[in-house]
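In what follows, chain A forms one complex with chain B and a second complex with chain C.
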Partner chain A sequence: MTTRTIEVNALARVEGEGALYVRTEGERVAEVKLRIYEPPRFFEGFLVGRDFREVPDITARICGICPVAYQMGASQALEQVCGVSLDPALENLRRLIYCGEWIESHGLHVFMLHLPDFLGYPDGITMARDYPELVRNGLRIKQIGNALMRLVGGREVHPVNLKVGGFYRAPTPAQVAALREDLAWGLEAAAEALEFLAGLEFPDFEMDYEFVSLVHPDEYPILHGRIGSSSGLDAPVEDYDRIFTETHVIHSNALHSHLSDSGRPAFMGPMARFALNRERLTPRAAALADKAGLGAVCRNPFKSILVRMVEIAFAFEEALRLVEAYQAPARPAVEMMPRAGTGYGATEAPRGICYHRYTLDEAGMIQDAKIVAPTSVNQPSIEADLHGFVQDNLDLPDDQLRHRCEQVIRNYDPCISCATHFLDLTVERA
Partner chain B sequence: MSAHRPTLAVWKFASCDGCQLTLLDCEDELLALADVVQIAHFPEATSARVEGPWDLSLVEGSVTTPEDAERIREIRRASRHLVTIGACATSGGIQALRNFADVQAFTRLVYARPDWIQTLATSDPIAAHVPVDFELRGCPIDKGQLLEVINAFLYGRRPQIPASSVCEECKRAGHVCVMVAHGTPCLGPVTQAGCGALCPGCHRGCYGCFGPKETPNAPALSAQLSQLGMDPGQLLRIYRTFNANANPFREESLRHDDADH
Partner chain C sequence: MSEALVIGVGNPWRGDDGVGPAVARLLAGTPGIQVAECGGEPAELMQCWSGYERVFLVDALVTGAAPGSLLRLTAETPLPRPARHSSHGLGLAEAIELARALDALPPELVIYGIEAESLADGTRLSPAAASGVAELVLSIQSELHQRKDAKTQKGR
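Let's look at the complex of A and B:
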């Protein structure tokens, strides 16, 4: 029996540091490992003993690409402990900056990291020589997402204007209105790009995923919702720790997660949100999804590029609506007084549910913290995809198979830097 | 510049990716930059790679593992110029909070299987391991400053990056001083400029993400902050964030470290 190994020692066009190892024996895939060697940074460890108001600035540093997800999840959990809910105008402003993060993060992945795989280039910059307009439009889409984050958050990487309870300073209506034209351009550019992407060739590959995302009765989920799944799960965010079981595996510095009841891997991110919330997309985004040939559910992970593009269109459309309705809030933030207790927060980061749990003492000092990144949850799904894909394509020569395997991983837009910093901390105090 | 396009390499150590993302966030300049430099190694952006030696290496992140301590030496050997970008690379970053903890006990508490994980006792700036040609500050770095540094090295001159305080750019921006006018604690007087005084512009105090300015007088600022009502625990923590291990911030936080907290 011949043994064959496919290895990629440093994955490219993903955020963070990972490697791939696949071993086949004869006609059978014997072993698949997505190795995550990114060094851990112990966030949950050093949050303990900090004042609750210091948390969002610290958690932002978990990820330079989706800092808002870590600021929002933390703020929600801490507001819950303190028994405070935000004014609707402040909630809308949070949704607006989060649209910016989706646009910026998805835009980077679609045009600079993922699309080069389909068109046969090592990167977006080289691709720009043959597709100048496509890449320029892609960069401008991303730039508008960043401008939105800068306007509401003060800067695009690690925004300074977000806090527990709301914002330090609300933008003026004139500043917000100035974004309108760019957002309208972005929506049209997204529609045009989606039409191009729909014409790409996709490998014939589908998986029977268990999709998990937030589900909200009235809106496509970003900031709020219950935890739902394609097999009918419907639970409050407070049940997260019961729904998922985390395990430490030797080949990854990021904990793996499985659904506790079935033991199955969960799939989070754009395809999961789309599968569980398609009917609550904004009208234009829904029509674009139809036109791109996306049915009710998309199970081909290579087509995640289409779903991400639909979500970019959605985020532009939603941001336009919020911008048009914007009036300066009566106050930039709600007053916060600390209380002892435990609070939970979960939002839809670009890559899926980003979960936070904090326990405070009566002075507002953090006693315990737990944060779970979606990429951490997606690891077993990525490995299952690799297993299935290699099994179906054993006849490919090593070079091609290696390249395809990298693509299978990139389909998830994995954020390894995020995933690695979450190791559950149990402090035993004497 | 010679006819040969200089090669640029971008490296990641322990970090959040935000500083190398800043290069990709130069949406208007990225394609033009790729015309004048050859992007030889930048895994986050490209699967193509050109072997070293490299003309300019940009290094993000801090050294936290034995492998990374070795890797940075190899990168230094193969780089004509090496510039560190961001608070992790220049000071050790937020993960340098471990430097103040009892690391052995801490590691055992955090991991189910500590024997599976290799980590150093401290999170170190790159300059603690190899000589560095220039340190660009910020958590994250500023886009304009990054382009200035790249340009400077391409043309063989020193980067023009001011080492003055956030207060100076805050005044130039015309912001009202949040500390004088509103009594809001602010690290502006001891923090290096570069962000554009973003926080005072949002009516909040600077939290020091660009690290200490040249010759800061932190004890004098702490006296003022304590008059504004900050207790020793708060004083300790305000210096212990993203540049906690940068010397003036480190020393100042240790001055407020006693058995009470």
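Let's look at the complex of A and C:
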């Protein structure tokens, strides 16, 4: 029996450091490991003993791409402990900056990290020579997302204007109105890009995922919702720790998660949100999804690039609506007094549900913290995809198989740095 | 635009990473020079230098050379790009190569690096980096003056 091993020792075009190892024996995939060797980050430990008001500035540091997710989940959990709810105007401002994060994060992945896989280039720079217009528009899309984060958050990386209870300072209506033209351009550019992407060739590969995302009756979920799934789960965010069981596997510094009931892996991120919330997309984004040939549910992980692009269009459309309705809030933040207790927060980060839980004492000191990044939850799904994909494509030579395996991982836009809180590929064939 | 643009890249809150912004601030107000500070994001850089014919980019370097020492590169030939496994940010060399691929480089682009000693928290530059900043301010000024003189002589 021949053993084959396919290895990638440092995965490219993913956020953070990880590796891949696949071993086949004869006609059977024997072992798949997504190795996350980026060291643990210890954020939960850092937070213990800190004042609750310090948390969003610390959790912002978990990620340079999706800091807002970590600030929002934390703020929500802490506001819940303190028994405070935000003024609607402040909630809208939070949704607006979160749209900026979806735009810049998805924009970077679609155009610079994922698209080269489909067009056959080693990286975005090489691709840019042959597709300058596409790359130029992609960069501008990302830049508009950054500008939105800068305006509301003070700066685009690790924003400093967000606090528990709201913001330090709200932007003026004139500053917000100045974004309108760029956002309108972005929506059209997203529509045009989606038309191009819909014409790409996608591998014929589908998986029977258990999609999990926030679900909200009135809106496509970003900041709020109950935890829903494709098998009918419907539970409050407070049940997260009961819904998921986290385990440590030796090959990853990021904890794996499985659904406690079924033991199945969960799939989070754009395809899960889309599957569970499609009818609540904004009108233009919904029409664009139809035009791109996306049915009610998309189970081909390679087509996640289309769903991400639909979500970019959605985020532009939603940001436009928020910008047009913007009036300076009566106060930039709600007054907060500490209370003892435990609070829960979950929002839809670009890569899926980002869960937070904090316990405070009467003085507002953090006694316990738990943060779960969506990439960490997605690890078993990524491994299942790799297993299925390699099994279906054993006839491919090693170098092609290795390249395809890297794509399988990039389909998830994994944020390893967040998850470790991970990619190299080894395929062993026996 | 006949004026030169000096772009300081770096985070002034992280010690010697602030050398780029420090050079830009010291050169602000010099006749014939416009200054800007930029995070180094590709689209932002391209927007920043759009319309300028002569651009100086200043950033901190960590090569193992003596702290404060200067390195001068031009974008006439492709810049070496280190192997990167992460995409949390594109490096400056990648941003410049992306701009080249998009035909969006200024006609003349000079990249100055100042070797950093410490990238710890805080706004203070190390004495070695501060002296590198002072030296670079003078050399950019003299580079521009020489060019101006050469131009004037040519014009005569």
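As a convention for this text, the second predicted complex is superposed on the first by the 421 of 430 C-alpha atoms of A that agree within 3 Å, B and C clash if a C-alpha of one lies under 4 Å from a C-alpha of the other, contacts with A are read in each partner's own complex, and residues count from 1 in each chain.
The rule is short, and it goes like this: contacts are C-beta pairs under 8 Å (C-beta built on N, C-alpha and C of every residue); 3 or more make two chains touch, one makes a residue touch a chain.
The model shown is predicted, which means the values in this text are computed figures rather than measured ones.
Once both complexes are superposed via chain A, do chain B and chain C end up clashing or fitting?
In the arrangement built by aligning on chain A, the partners chain C and chain B clash.
Which partner does A:R13 contact after superposing on A: first (chain B), second (chain C), both, neither?
both
Now for A:I97: first (chain B), second (chain C), both, or neither, which partner does it touch?
Neither partner.
In the overlay, work out which of chain B or chain C sits against more residues of chain A.
After superposing on chain A, more of chain A is contacted by B.
Of the partners chain B and chain C, which touch A:A189 in the superposed model: first, second, both, neither?
neither
After lining up the shared chain so the two structures overlap, which partner does A:Q143 touch, if you call chain B first and chain C second: first, second, both or neither?
After superposing on A, A:Q143 lies in contact with both chain B and chain C.
So, A:L276: does it touch chain B (first), chain C (second), both, or neither?
neither
Once the shared chain is lined up, is A:H158 touching chain B (first), chain C (second), both, or neither of them?
Only chain B is touched by A:H158; chain C is not.
Output check: A:G45 vs chain B and chain C. Expected answer is one of first, second, both, neither. What do you get?
First partner only.
Just name the clashing stretch of chain B against chain C, choosing from 81-89, 99-107, 117-125 or 225-233.
That would be 81-89, the only stretch with clashing C-alpha atoms.
Give me the intersection of chain A's contacts with chain B and its contacts with chain C, in residue numbers.
Common interface on chain A, chain B vs chain C: 10-17, 64-65, 108, 112-113, 124-126, 128, 135-136, 139-140, 142-143, 146, 156-157, 417.
Contact residues on chain B for chain A in the complex?
12-22, 24-25, 27-28, 30-31, 34, 39, 43-48, 64-65, 68, 93-95, 97-98, 101, 106, 109-113, 116-117, 119, 123, 139-140, 195, 198-199, 201-204, 207, 209, 234, 237, 241-242, 261
Going by the contact rule at the top, pick out the chain A residues touching chain B in the complex.
Contacts found on chain A: 10-17, 38-46, 49-51, 54, 57-58, 61-65, 67, 108, 112-113, 116, 122-126, 128, 135-136, 139-140, 142-143, 146, 154-158, 160-161, 163, 167-169, 248, 250, 253, 406, 415, 417, 423-428.
How about chain A: which of its residues touch chain C in the complex?
Checking each residue of chain A against chain C gives 10-17, 64-65, 108, 112-113, 124-126, 128-129, 132, 135-136, 139-140, 142-143, 146, 156-157, 417.
Provide the residue numbers of chain C that touch chain A in the complex, in ascending order.
Against chain A, the touching part of chain C is residues 39, 41-44, 46-47, 84-90, 94, 97-98, 101-104.
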